[in-house]
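Structures follow.
Two complexes come next, and they have one chain in common, chain A, joined by chain B in the first and chain C in the second.
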Partner chain A sequence: MKKLQNVLYLTRDSLYAHKEREAIVIKEEQNTLQKIPIHSIAAIYCFGQAKVSPGLMAHCSENDVNLAWFDLFGRFQARIQGRQSGNVLLRRAQYRISDNNPVDIAKNIIAAKIQNGRNVLQRHIRNNGDNEEVSRVIGALRFSIEQAGNAKSVEQLRGIEGEAAAQYFSVFQHLIKPSLQDEFVFNGRNRRPPRDAINALLSLLYAVIGQDVSGALNAVGLDPQVGFLHADRPGRDSLAQDILEEFRAYLADRMAVSLINKQQIKARDFETEASGAVKLKEEARKALYAAWQQRKQEVILHPFLNEKVEIGLLPHIQAMLLARHLRGDLQQYPPFYIAK
Partner chain B sequence: MSTDHLIPLSALQHYAFCPRQCALIHIERVWADNWLTAQGNKLHKRVDSGEPEVRNGVRMERAVMVSAEQLGLTGKLDLVEKDMQTGALTPVEYKRGKAKPGNWDKVQLCAQALCLEEMTGQHISDGYLWYWETRRREPVEFDQSLRSQTLAVINEVKALFSQRILPKPVYEKRCNACSLYDQCEPKLVENDNSAVYVKALFSVDKEVSVDKEASGL
Partner chain C sequence: MLVLITYDVSFDTEGGKRRLRNIAKICQDYGIRVQYSVFECDVTPAQWVELKEQLFAAYDPEVDSLRFYKLGKNGQNKIEHFGAKASFDVFKSPLII
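Coming up: the complex of A and B.
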């Protein structure tokens, strides 16, 4: 299996990274903060006004290092796209199936997404005892998975998914420790911009993981913009959004809840702008990326490969499995899901 | 003139090792170095460098480009020796390892000779394989049987290129030495159980996932 490499997060406006021989050098004003061996880096994510030299950009584009910019809400802004790499036949297969028969792949993804959300709720009950409302939603999601299996169109699937997401988020507040529920109030998902702390956390995590997915799709030669479930829209990485669905609950939602419950992130780590937009302060954002980097090192048994893999490799593995399916190696696209 | 439609000589070598590897490199365009390919690159850097030189009445030319339209091949030859008296050409191919039991190295060398023949109109009777491990030249005669075997292989590779189908993998010991193992995933694809896996997804909580737990997965 591929080696898991680090992601470099440049979290301050004043940071500047450039390439010096085989190292990435990070500077703030005239001071060198750090030197990192270039071959150990799989992606560089810049936040706010952090800057990168053209030389480093060239290195990234030649070596499939994903280089992307986000605003301070974690909203994706831009990404370096190097020379088109990979296989035109693979991309053609992707377009053909996306145009003619996207349902089979889309329903596998949606079922996995719902199952992973359901798994988060099941875990909660295992660890905290039964809860009537949560159990009811677990049952409802079971039914949504069955519906997804019988879906005949992508529109139908989107409806099933929307309904399942509403159900899931209707009990999401239960996952927060009772003692913290006054500080962290969650009334369903909102975004652009997020208007409470939990939504702010979720948005940021989805954006960062989504970029890992885009980078992984690019690296295996797929076109991140052409999806099966999400419609094409200029500037949107629809395929990355598709594959991200498999990871939302398992990676992002669980992490957001655990950061709050373990009080690694506190209510005072957020600031509310005049518009009502809520964002995470810089120090807390750094803690979030550090926690995510740490989570990536954890090893799990991949349900399909039946092989021990680092969590950080999941985007790459799913991208590879999708490519294998599109080129006719695998009969079905096996999405990532946790069954128990 | 464009040589895009011609098959690279290196594809014959990849095909010899494994048709799926050949397709992954030349059709799917994936490539990954491992220590074996890195060693090969280093060796070739040495082989490919240097001006042509004349020694004992033999002119040696390195990294000789060939393209043979009729044969449909293009590529680079490690070394071509030209006898200054007779004008006879002899291709020499450098190999990293040692002489192998199969005929593949000979087939590749013969393909090189066929390219030279098409380009010069000259008959080429033999060549050499030089092995890095043994540091010895093995003479190869381009007899009729080797020639027809070589043409047959060239046709197989051409068919693979025109069909653009990725051959299914067959997992073997040699797979462990292949630098494309991660992109090929031979074990995974050979025993494709994606349909079973997806079926279990749509019946979570039913018998399939229970079986999985019971078997310790």
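Coming up: the complex of A and C.
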């Protein structure tokens, strides 16, 4: 089993990272803040304008370290793409299925996505007692899962998915503690840029997890840009977006809700720009990455492999399972979902 | 597995300083400096072989010494730290700078 490696987050513009032999050295002005051996790192994520030396860029690509930049909203900006690695036959199989028969994989992914969303709502009811509106949506999502299972085309699936997402987010506000609902108001998902605190939080989490997924796909030799559900678009990691669907509810949404409910992130941790864009302040962003790093180390039983794994390895496992399916070793792609 | 590496490098002979620097750099490729001349390295068995080989090439067995404490897979649990400059676990602690 792959070893769960750490992720280095550079959050200040004044930081400069360079390579010294096999180690990553992080400096601020003339002070060395940290030296980290590269083999312990799976990815370096820079938020804002942190600088990275070209030598380190090359070193990252050689060592399969995913190096990416985000803006302060967590929006992905750029990443270093090293020499194309992996198996060309696997990529060809991926392209063939993406062109000719994407529906089977796409519908598994969407059914799992809706199931995982439904799960988050059911969990809320288990912990907090019945709620009429939430229960109604749980019922509706059950129907959506069935519909997704019977979908005949990707367009149809996108429709079912959009409908299910709208239903799910229509009751998302209920997950927030009643005492905090005045401070955290959520009226459906919005992005580019996010216009309220919850949306800002979700966007940032999706971006970070999406990068982990891209890195994992690259690592098994798949092309993150060629998806089954999301259409090809220059610069978009469509396949990573596909696989991310399975993780949104289970990893990001639940984490956003718990950060708010446990008041690890408070309303005053957000700032609104003149344009109406809402973003998380620096200190709170750090709290978020720390919470995410901790969550990644929790061990769960993978529902398909029936093996104990760290949550941080889930993207790698799904990437590996997808590769196995594309190679023909697995008849169906088993998406990640929790059944109960 | 986690290995604790400590070393003593003699300055009596020529090139002591150079050997010291060299050994520290090799250790830094694989681990974190926790105190002067003390490194914690979390390595795979393959990396461990490489690391040892490099160290053996760098030190002078006549006058220097190397000590390896193999703490195993859950080595982090065996460590307690008191006082200044608490080190961290490169594989687990959040690396947010």
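The rule is simple: the second predicted complex is superposed on the first by the 340 of 340 C-alpha atoms of A that agree within 3 Å, B and C clash if a C-alpha of one lies under 4 Å from a C-alpha of the other, contacts with A are read in each partner's own complex, and residues count from 1 in each chain.
Keep in mind that, in the parts below, a residue touches a chain if its C-beta (ideal position, glycine included) is under 8 Å from a C-beta of that chain, and two chains touch if they have at least 3 such contacts.
Keep in mind it's a predicted model, so treat the numbers as computed, not measured.
> On the A-aligned overlay, A:Ala231 touches which partner chain: chain B = first, chain C = second, or both, or neither?
Neither partner.
> By residue count, which of the two partners contacts chain A more extensively, chain B or chain C?
B
> Where does A:Pro37 make contact in the superposed view: on chain B (first), on chain C (second), on both, or on neither?
second
> Once chain A of both complexes is superposed, is A:Val299 in touch with chain B (first), chain C (second), both, or neither?
It touches nothing on chain B or chain C.
> When the two structures are overlaid on chain A, which partner does A:Leu90 contact: first (chain B), second (chain C), both, or neither?
first
> Between chain B (first) and chain C (second), which, if any, makes contact with A:Ala58: first, second, both or neither?
A:Ala58 contacts neither chain B nor chain C.
> Classify the contacts of A:Arg142 with the two partner chains as first (chain B alone), second (chain C alone), both, or neither.
first
> Considering only the touch criterion stated at the top, classify A:Leu180 as touching first (chain B), second (chain C), both, or neither.
neither
> Just checking: does A:Glu22 make contact with chain B only, chain C only, both, or neither of them? Give me first, second, both or neither.
In the superposed model, A:Glu22 contacts chain C only, not chain B.
> Under the contact definition given at the top, report the residues of chain A touching chain B in one complex and chain C in the other.
Shared contact residues on chain A (touching chain B in one complex, chain C in the other): none at all.
> Residues of chain A touching chain C in their complex?
Touch residues, chain A against chain C: 3-12, 15, 20-23, 26, 33-37, 39-41, 286, 289-290, 293-294, 297.
> So in the complex, the part of chain C that touches chain A is made up of which residues?
25, 28-33, 41-44, 47, 90-97
> Quick one: which bits of chain B touch chain A in the complex? Just the residue numbers, please.
27-30, 164-166, 168, 182-183, 185, 188-189, 192, 194-195, 197-198, 200-202, 204-205, 209, 212-213, 217
> In the complex of these two chains, what residues of chain A are touching chain B?
Spelled out, the residues of chain A in touch with chain B are 1-2, 85-87, 89-90, 108, 111-112, 115, 118, 142, 145-146, 148-149, 221, 301, 303-306, 320, 324-325, 327-335, 337, 339-340.
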